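Shown next, in structure tokens, is the structure this report addresses.
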Amino acid sequence: MLNMQNVTKIFRTDLVETRALSDFNLHVKEGEFVTVTGPSGSGKTTFLNIAGLLESFDDGVYDLDGENVRHLNDTQRSRLRNEKIGFIFQSFNLIPDLDLFDNVDVPLRYRGFNGSERKRRIERCLELVGLANRMKHLPAQLSGGQQQRVAIARALAGEPRFLLADEPTGNLDSKMAHSVMQLLKDINDEGTTIVMVTHDPSLAREAKRNIFVKDGKVSDVTHISASAPEPIASISASGARHV
Amino acid sequence: MLHLSSWEIGPIFRAMTRNKVGAVLIALQVAVTMCIIVNAVHILMERTMQMARDSGIDEANSFYLSSTGFADDFNDQVVIQTDLDAIRALPGVIDAMQINAIPISGGGWSMGLQTQPGAEFEGVGTAVYMVDDHVLNTLDLELIAGEAFKPSDIRWRQRSQRDWPAEIIITRALAENLFPEQSYQDTVGKTLYINDDEPVIVKGIIDKLQAPWVGWERLENAMLSPEQTLFSSSTYFIRTEPGRLDELMPAVEQMLADSNKGRVVRGLRSMQETRDRTYRRDQAMIKILTTVMITLTLVTALGIVGLASFNVNRRRKQIGTRRALGASQVSVLRYFMLENFLISSMGVILGAVLTVGLNIYLVQSLGLTKLHWWLIPVGMLTLWLVGQLAVLGPARRAAATSPAIATRTV
Amino acid sequence: MFNYYLRLALLSIRRNPILSALMVAAIALGIGASMTTITVNYLMSSNPIPQKSDQLYYVQVDSWDPNEPAEEPNEPPEQLTWTDANNLYAAQKAQRQVIMATTAAVVEPPSQDAKPFNAYIRLTTNEFFPMFDVPFLYGGHWQASADKGREQVVVLSRKSNDKIFGGENSVGRSLRLAGRQFTVVGVLESWYPAPKFYDVGTGAFEEPEDLYIPFLLKEELQLPNGGNTNCWKTPEDDSFAGFLRSECINYQMWVELPEEQDKQAYLAFLNNYANEQKALGRFPRPLNNRLSDVMQWMENRQVVTDDARVMLWLSLMFLVVCLLNTVGLLLAKFSGKSAEIGLRRAIGASRQALFYQHLVETACIGLTGGIAGLALAYLGLLGIGSLYGSFADNLSSLDINMVLLALLLSLISSIAAGLYPTWRACSIAPASQLKSQ
């Protein structure tokens, strides 16, 4: 599904060259739920941006669903993002001026579906996240957990093969975080591949495999049994980072 | 690949209704701007058309000047004849004559002509030019019917003399005003009445000659009366060969001043100068309105640029998210262009209403003419275009937003 | 606190230099354009003789054609006939009265160096000068006896005194005018009433005449007609006297009537006079005599041109566009500061305090725009001066009233434009901006 070999990303300023990723190797199989953890500045976000085709890289090979993405132009990358990848962001990134229906509609518009198809998908996805009855609400009228559910509905609406989640529970309290995690696991059980970036090791334990990133390299891989997960706790404090 | 669904008209519109003020402000600005610009263009066109009217004479190569005698032994009649002979003899002068008033200059003499005698009948107003037999050549007029004046037709007119020569030449416009049912050729030989009951006969018809007053509704009503005037001051009108005007103007002035010390020579002016002075206010109005239109368009465009830039900055995260969700650069560009187009559309529709409203006001209270209907769609198109051009820059910057913004948390 | 707000305003302006510059430019352009046209309209419609404009009346009597009015709709003729001007003057029924006309004649200066020139002359009676408060530099006006005696006396404008006598006190000196010897009795100070209210017939903003001489010299010297001459009837004979006796109008009359009852009495006198003339076979139209005070007469003669009105309207709308622009930009600017405002609210600033803070910022922008606008208006008036030439010489100057008006207008309009954005910015709830979005 996702295959990175020796992917290298260098940030250059006039004075210094920073290797955000160097010879990064990762292989994610179809249907996997992989978490990526690591300390701040380890390259997690860079990995996420490259994996999500949000940023280009300097060296190495990245195949997404069997397609080498290294030399795709902006429009091709946009289409690939639209068709194959679903994004879930830490701060939800809902569009404040649009109601839930129109928010979930955004990627479908770029996909070029006709009106009835879009409506069918939006309703189904909002149903799935339990917000079908609030379709005409604005994001500001929802709680954080509900907003993230809308974001998940938006990510799923295009029926992507691959979900990329960036600290999806980072702005939520533990109870909401738990239910969002449960939702993601359900989605994964349906067959969607998920890669989730988090700095919280306790969350990582929920996944099937955890990758620990340090200094732009994969430094450790942990396979986790599918047995009973530990309860997720003490995540809510992370919100303070973002003031 | 273009899908209509990716044009997002519905969502753009719904997002706009949640953020009304900004959109309404731009729309209002567009509306008022359109109202001003269309009305200004209308006035401008009106003035330009007025100024483009042909006076009928060879303006480019003509000038005039006046001589006022003061010496006790000053003999007008002799001086005028001597002056005219001397001027006509100058190389480069096509012809010259004495005239009582200058076309389009603002000052002149008018009379009423009527087709039946009697004070109870209304006359048709006409400008009166007192000229001699050189008139056709000097003013570059074309005689289109009847006959020209002969030297023997010309008489001297004293200061307070009331009667008129027996025969006159009139313009085609005047002929048609007097006899609306007849063709102008047939008016030659007809008797007209001046001063209620004094008969004059139409000797000839000239194609065109404007009156001195450009604001007059009967500007092309003029008659030529075959006489030279013995008033306190005489004006000479001189037509030169092309290109010799600048050299002859001071030469004639000097010649007249030197030939007789008992007079003041003054008012040397070319017809071009006269036209400029006459239409100075219209010229000024045109320049002012043009300046207003340009600055106004600029202000509105800058306003759109300012607000759009601000909106792009404010929505950077949103744009990044859209990009992450698969929006191509073109879709982002299109989003902002379309948003502006929708706002401008509201503006120009309101603008069309305002434009007509202002025009109605100007027609009623300030005597302007009615707007040409097609100016409104042209105005709408122009403002649409201005809006699109203004938003292009900010929209391109929006399109260049990196999708990686979406994963940044602050 | 005000100083603190001022500092914050300057900081904020400096933080968004482009946005701030756009706002200042928009206000400046709007103020500049509207002040230019307001000034032109103000000067056109200004009262040229405010101290007594409601005591001076222009006299009209309807001596016109029985078949049609002098001007639609049934207006009396704009000027008087020679006969009526002289009769009404001779009656001396007003506190002061003046009859007048314009003419032109050649002036031969006494000095051999100065060349003869054609001068524009006002024929008038002696009370012209005290009645219109005309200031004298040297000497004074002639006496009523000079009017009656048709004495060859002349009052010079300051400009023509400079031209003929090099600016010296020329009272008592003589010059040749229309071939006769005239004695100078007075020289005027610079005097440029705008509009030239006492005779707007040949342009309301032209310069006053070069010389002033007694009215009856028109007849004595057979001087030509200046201004507009209109006749509805042909003169009875070809002589100059015949023309003067005719129904041709070329003369103006003003009377000074201090009280309302004086005015009523004078109007009654005019009607009485018209009836007497009817008995003599003149005045074939119904009674239609009129007294208009200075401002009414300016209104009647449409001294404020339609062009100036059109420009005024357009420029006021221009100002509206500029203000809408400013509202939009301020809204943008202040909403960009919502985080800061939320923080200030959280720290304890009252809504009122924030409101003042932003109002100060708005006022700074408005005043800067206003001052820049004044400079633009000055340029605009220079431009109008050069476009219109001599017509606008008396119409394109900024006086202190206009400067104050411009500053006030810019302040008021920018604050009006700033109120809504400021109110919106200050209605942000203290907590809403503290969380990350």
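Labels for the chains are A, B and C, by order of writing; each one numbers its residues from 1.
The working rule: contacts are C-beta pairs under 8 Å (C-beta built on N, C-alpha and C of every residue); 3 or more make two chains touch, one makes a residue touch a chain.
Protein identities per chain, from UniProt: A = ABC transporter ATP-binding protein; B, C = ABC transporter permease.
Predicted model only: the values in this text are computed from it and were never measured.
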By count of C-beta pairs in contact, the leading pair of chains: B-C
Chain whose averaged C-alpha position falls nearest the assembly-wide average: B
Computed distance of Cα centres, chain B (ABC transporter permease) from chain A, in Å: 68
Length of the line joining the C-alpha centres of chain B (ABC transporter permease) and chain C (ABC transporter permease), rounded to whole Å: 26
Where chain A and chain C (ABC transporter permease) are represented by their mean Cα positions, the distance between them in whole Å: 75
Residues of chain C (ABC transporter permease) touching at least two other chains: 436-437
Residue numbers of chain B (ABC transporter permease) (touch at least two other chains): 317, 409-410
Multi-partner residues of chain A (each touching 2 or more other chains): 91, 96, 242
Sites on chain B (ABC transporter permease) touched by chain A in the complex: 1, 3, 5-6, 8, 10-11, 14-16, 18-19, 317-318, 320-331, 402-404, 406-407, 409-410
Residue ranges of chain A touching chain B (ABC transporter permease) (in the complex, touch as defined): 45, 48-49, 52-55, 74-75, 78-79, 81-83, 87, 89-91, 93, 95-99, 102, 105-115, 118, 138, 154, 158, 166-167, 170, 241-242
Residue ranges of chain B (ABC transporter permease) in contact with chain C (ABC transporter permease) within the complex: 21-22, 25-26, 28-29, 32-33, 35-36, 39-40, 43, 66, 68-72, 119-120, 122, 158-163, 195-196, 231-233, 263-264, 266, 277, 280-281, 283-285, 287-289, 291-292, 295-296, 299-300, 302-303, 306-307, 310-311, 313-314, 317, 358, 361-362, 365-368, 409-410
Residues of chain C (ABC transporter permease) touching chain B (ABC transporter permease) in the complex: 18-19, 22, 25-26, 29-30, 33, 65, 67-68, 104-106, 108, 115-118, 176, 178-179, 222, 224, 234-235, 237-240, 242-243, 305-307, 309-311, 313-315, 317-318, 320-322, 324-325, 327-329, 331-333, 335-336, 383-384, 387-389, 391, 420, 424, 436-437
